[in-house]
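Across the two complexes that follow, chain A remains constant while its partner is chain B and subsequently chain C.
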Partner chain A sequence: MAFDLNTLDAPFAALAGFDWGADADFFKSIDAAVVAAHGDASLRGDLEKRFGTLLAGSTSRATKEYVCRKLAMIGTGVSVPALAALLTDADNSHMARFALERIDLPEAAAALRKALGMVEGSLKIGMISSLAARGDLPSVAAISNLLGGDAALAAAAAAALGTIATPEAAAALAAAKPAGDVAAAVIDARLACAEALLAKGDRKAAKAIYSSISAAIGDTPKTHRERAVRVAAKRGLLAAAE
Partner chain B sequence: MSRRSTTRRRFLGTAATATGAAVAAPYVITSKALGDATTPPASDRIVIGGIGIGNMGSGDQGAFLGRSDVQYVAVCDVRRTWRDDGKGRVDGKYGNKDCAAYVDFRELLARDDIDAVHIATPDHWHAIMTIAACRAGKDVYLQKPETLTLREGPLMIAAARRYGRVVSGGSQRVLEDYRDIVNPCWSGEVGTLEAVDISVGGPSMPCYLPAVATPPDIDWDLWLGPAPWEPYNPGRCDGNFGTGGGSWRSYVDYSGGSLTDWGAHHFGGAIFAADLRELQPVSVAFHPASGGAGPYVSLTYPNGVAVHHNRPQPLRPERPSVAHGGDIQVHADGTPREGKAVPTYKGEGGIYGDFIDCVKTRAKPFRDIELAVNTMTGPHMIAIAYRLERSLTWDRSSQRFTGDDEANRLLDRARREPWIL
Partner chain C sequence: MRRVLAVVCLVIVLGSSPRSLLAAQAGEPPSRDVLDSVVELILSGDADLLPVALEKVRGGLKGEDFTRELAEVVLPGLERSQEKAALLAALADRGDKAALPAMMAVAQGPADALVRAAAIRGVAALGGPEEVPFLESLLSGEAGTVDAARGALVAIRSDIVSPRLVIALGDKARSGPQRVAIVGILSERRETAALPALVDAAVDADAEVRAAAIKALGAMGGPEQIPGMVAGLLAARTDAERSDADRAIVQVCKDHRSKDLAAAALLDRFRAADPAAREVLLPTLARVGGPAVLEIVDGLIASPDAADRKLGLVALARWPDATVKDRLLHLVAQVSTEEERDMLLGGLIRIAPLPNNSLDPAGKLALVEQTMALCRRDQDRGKLLERASAIRTVETLRYVLPYVDQPALAESACQSIVELAHQRKLRDGNKDEFMAALDQVLATTKNEEIADRAERYKLGKTWERKKP
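Up next is the complex of A and B:
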């Protein structure tokens, strides 16, 4: 049975003026429409159009947050521009990623990659995080370039490369010259890369990483972390040799 | 020189110099530190810190603090009251002022004298903290439900295995409260299991509570952590056990609701009784409301056993083979089969003793993180089926739903910067 679009007018009018603490009963109608949009391109298109209008307008943070949650479920390429416009906005950047990270389309990834070059600080870490969660291969070079800079960004970049875990990511991590907490993040990421490479059958590459880490940590680790890293490297070497 | 004595001496040097938000008094060696007839010397005790120290955290703290083979040295909580209370309990136990108190868990994890941590924060912090603890070389006792999203589980298992850490889930009830179904199932007397019915509340809900002035007692940004920013309201972060609104366990950003919270116990007990802990479901079926009864959802495991959530009574077999009150009903074929010994805890002192024993021996605990993740996979799949109102097929090897992009979008959620998984 087709969804009656007319029933959405009043809920969307309420959503436009929503803020935290207001009556939220009307959400039930929109929530039901979002579920019903599965396999209904027309309804999906109508919802995305309405959501896009709310994102572009001077609506509250609470309204935009709700919209992003729904677009995380049903958003398509149609919604990407409106979401991308929020990526550089400190208040709404996370919720824009909340949707874009889950939209498995090239244009969503492209929006995140573009924003990576436009924002700084925590927002940049956010882009790194979402690109990593997507396993975004084209972003490896840009993320690798962050390994040598600000410590928080470098640690996030290392974690991301460990998640993406391609040979290119592994190479960038191997070339990094980290210090302090970043060094721990790089080692963890290198171990993750080695596991991924081993899982794909590249024993040689995995062994090289494990050998390098094992040599760096030495036979007399001094801290809990160093002991754990040594365990990881030794176990990895055994696994790579099997 | 033992590793323990080495780390213990290092602690003498670091506790007094803890920086930042830490509130650490100079360490003074007391007679208790030297041990006596019933208490091993401090150098032989497992050194523990607690993260998230209110409600369940205080219970966990009490269990560890009561053990003579544990030295409790630090607490961490974003709420000052809970932090102070937690420190007070430790200092009161040891008769000194030595327990360090942290706002930021990363400072606690940076202490090399700490061997293990217990974590009892809201669920949205579990994965990040557990993985960070493993990277720091700590063993972890983690309150249930161990995961908030399906993507988190494999990452937590990977971190534990990578670094050889003991990571125990934290449902003390799974083994201790469900003997009435566990024993007859494992003994074989009820025969081969066919289905299990579990009655427990549903998934968590959105939270639209109004903004309230943030009290100075809480670091609200750190409480939210990786969750979406929303204004402070005491009902959003109340630590009570309710799931019907007005507590963090009610809301989707911080919890899976009753389905994963109390459900961690019920599903844990039922899945343990049915010996399904090594498995993950292959499918989840959504059954719409019908005939005056509400919707319900059914999991199917690779061995054919079905686990139903809130299946209406008229649709169940007339009499279960065994039951745990009205909450769990087990249906079996009634043909006795060969039984197996029921797995149990190691060490002394329930699930806490099991964890401590495994920290010492490096064995896997009763609720090893992999078994916990497998167990919680079912309730998470059920929540997604309810949300989408449709049936789904699960591919364990790829950890994805088959042929359903919208369902796969719900495997995880973007974390608020600067937090990264």
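Up next is the complex of A and C:
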């Protein structure tokens, strides 16, 4: 049975004026429509149009957050521009990423990559982590370039490369010359890379990483962390050799 | 030096064996490189890396040849006991019987206690019926070895453990501690085939064997063992033994899946017992309770035979909960002798505040009030006031407090009040009433301990009960 679109007018009007603490009972109607939109392209299109209007308008942060959560479930390329426009907005960037991270389309990834060059600080760290969560291979070079900069960004970049875990990501991590906390993040990322490569069957690449880390620490670890890393590397070496 | 020798031995073994350690095995054998890496880590003496290597011993690197290499070459090369014990444990977890000969050699040899215990546990993990006699022989050894052997005989998979240990249990030439250990093993293995032997042991000449057997029967026994357990109870020579046997019988009659049958078996034994034995069994029967027992008890009370009636009244007075309160109240009003009246009243005084009875606190207090009205002696009233403190409500305080003004009951009332005040939440939640009541206690009591407690509670302190 087709969903009666007229029943959505009142809930969407309520959503346009919604803010935290207000009665959210109307969410139920919209939630039901979102569920019904799976397998109903027409309804999905209508909802995306309504959601897009709310994102572009001067609605509250609470409204935009709700909309982003729904678009994470049913969003298509149609919604990407409206979400992308929020990526540089400090208040709404994280929820826009939440949606774009989950829209499995190249244009969603492209929007995140573009925003990576446009934002700084925590928003940039957010873009890095969303691209990593998507396993976005084209962003490896851009993320790798961040390894030598600001410590927080470099640590986030290292973690992202460890998550993406391709030979290119592993090479970028191996070439990094980090210091302090970033060095620890890079080692963790390299171990994560090696584990992922091993799981994919690339024993040679994994062994190279484990050997390199093991050699760097040597047989006389000085700190508890070095001891833990040494154990992880030895375990990895044995697993790679099996 | 020994470590170097071990590595040299390893090289010799590898070099002299044409089939070496890469012998054909099911599936793809692990590479020599990885086996060498594991061996190197084990021999390195590196405490951080030993667990990494042992993880591979436990699983991952399959193959009997590697097992033998670890057990016959690497193990003797280790210097520290902890490392040897750790490798033995890992080999046991590996589950490859190829390690068993080496494991047995260590278990039988002069190794220190830690290593030997690990080897004994390993023998249990990897061994079977053939190893049972050896493990059984260890039960007569030193304490540390006995503990390991006991654990091993519990763990080993074999059908011959039970028959062998049953024979050993019946061998009176064995020491008491050995036979106690055997009872423990049979119990932990849940060897139901050993139940007849345990029933025999419940009347053994050795008190420790009897105690262990009756405890095991409590955990494992069923209706079929009740007659034997009753025999154990009747053969008990001390109060402690009687208490253990009573507890075990009640456990079977209340917790076993066929508990009704067990209770019926107990009743049968009770019916068949002579008067002296009935006296002994009655407390146990009463503690089991239940409708079937109550029916018997009612029958005994209604009996024209005076002895039967007395037994029934005793049982009712010892009932485990307040389900019989109406019977007791009814009978107290009907009995013809003071002795019977005292006995039933004692039952009421006992059950009224019981925490496990089915009454709510108000119902319990109402029963206390009803019972109080039946009491004719201050001695009973005092007992009841003291028992009432088990009903931890402010209403109990209000009930007890007026008795402080009655000289004959004042100390009992004071005792009850300080017991109630001991409950910090109750006291703090009704602070004004308790402070006033404790002042009254301090003005009345002549008992130093009660006065000390009252002072402490007034200051918000606690009081530590002396251990009996």
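Methods note: the second predicted complex is superposed on the first by the 242 of 242 C-alpha atoms of A that agree within 3 Å, B and C clash if a C-alpha of one lies under 4 Å from a C-alpha of the other, contacts with A are read in each partner's own complex, and residues count from 1 in each chain.
The definition used in the following text is that a residue touches a chain if its C-beta (ideal position, glycine included) is under 8 Å from a C-beta of that chain, and two chains touch if they have at least 3 such contacts.
Keep in mind it's a predicted model, so treat the numbers as computed, not measured.
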Worksheet item: Is this a clash or a fit when chain B and chain C both end up on chain A?
Response: fit
Discussion item. Contact-wise, after the overlay, does A:97 reach chain B, chain C, both or neither (first, second, both, neither)?
Written reply: first
Discussion item. Looking at A:12 after the superposition, I want to know if it touches chain B, chain C, both of them or none. Which is it: first, second, both, neither?
Written reply: neither
Discussion item. Contacts for A:3 in the overlay, against chain B (first) and chain C (second): which applies, first, second, both or neither?
Written reply: neither
Discussion item. Contact-wise, after the overlay, does A:122 reach chain B, chain C, both or neither (first, second, both, neither)?
Written reply: first
Practice prompt. Determine, under the contact definition given at the top, whether A:26 touches first (chain B), second (chain C), both, or neither.
Written response: neither
Practice prompt. Would you mind checking which one, chain B or chain C, touches more residues on chain A?
Written response: B
Discussion item. For the superposed arrangement, I'd like the angle with vertex at the C-alpha centre of chain A and ends at chain B and chain C, nearest 10 degrees.
Written reply: 10
Practice prompt. Answer with first, second, both or neither: which of chain B and chain C does A:227 touch in the superposed model?
Written response: both
Practice prompt. Rounded to the nearest Å, state the minimum C-alpha distance from chain B to chain C in the superposed three-chain model.
Written response: 7
Worksheet item: On chain A, what residues does chain B touch that chain C touches as well?
Response: 227, 231, 235
Worksheet item: For chain A, which residues are in contact with chain B within the complex?
Response: 20-22, 24, 27, 35, 38, 62, 65-66, 69, 72-74, 91, 93-95, 97-98, 100-104, 122-123, 125-126, 128-130, 132-133, 152, 156, 159-160, 184, 188, 191-192, 195, 223-229, 231-232, 235
Item to complete: Could you pull out which chain C residues touch chain A in their complex?
Response: 30-31, 33-34, 37-38, 41, 46, 48-49, 51-53, 55-56, 60-61
Worksheet, complete the sentence: Note: in the complex, chain A contacts chain C through residues 219, 221, 227, 230-231, 234-235, 237-238, 241-242
Worksheet item: Which of the residues in chain B end up touching chain A in this complex?
Response: 7, 112, 114-115, 134-138, 151, 158, 162-165, 206, 208-211, 228-231, 387-390, 405-406, 408-410, 412-421
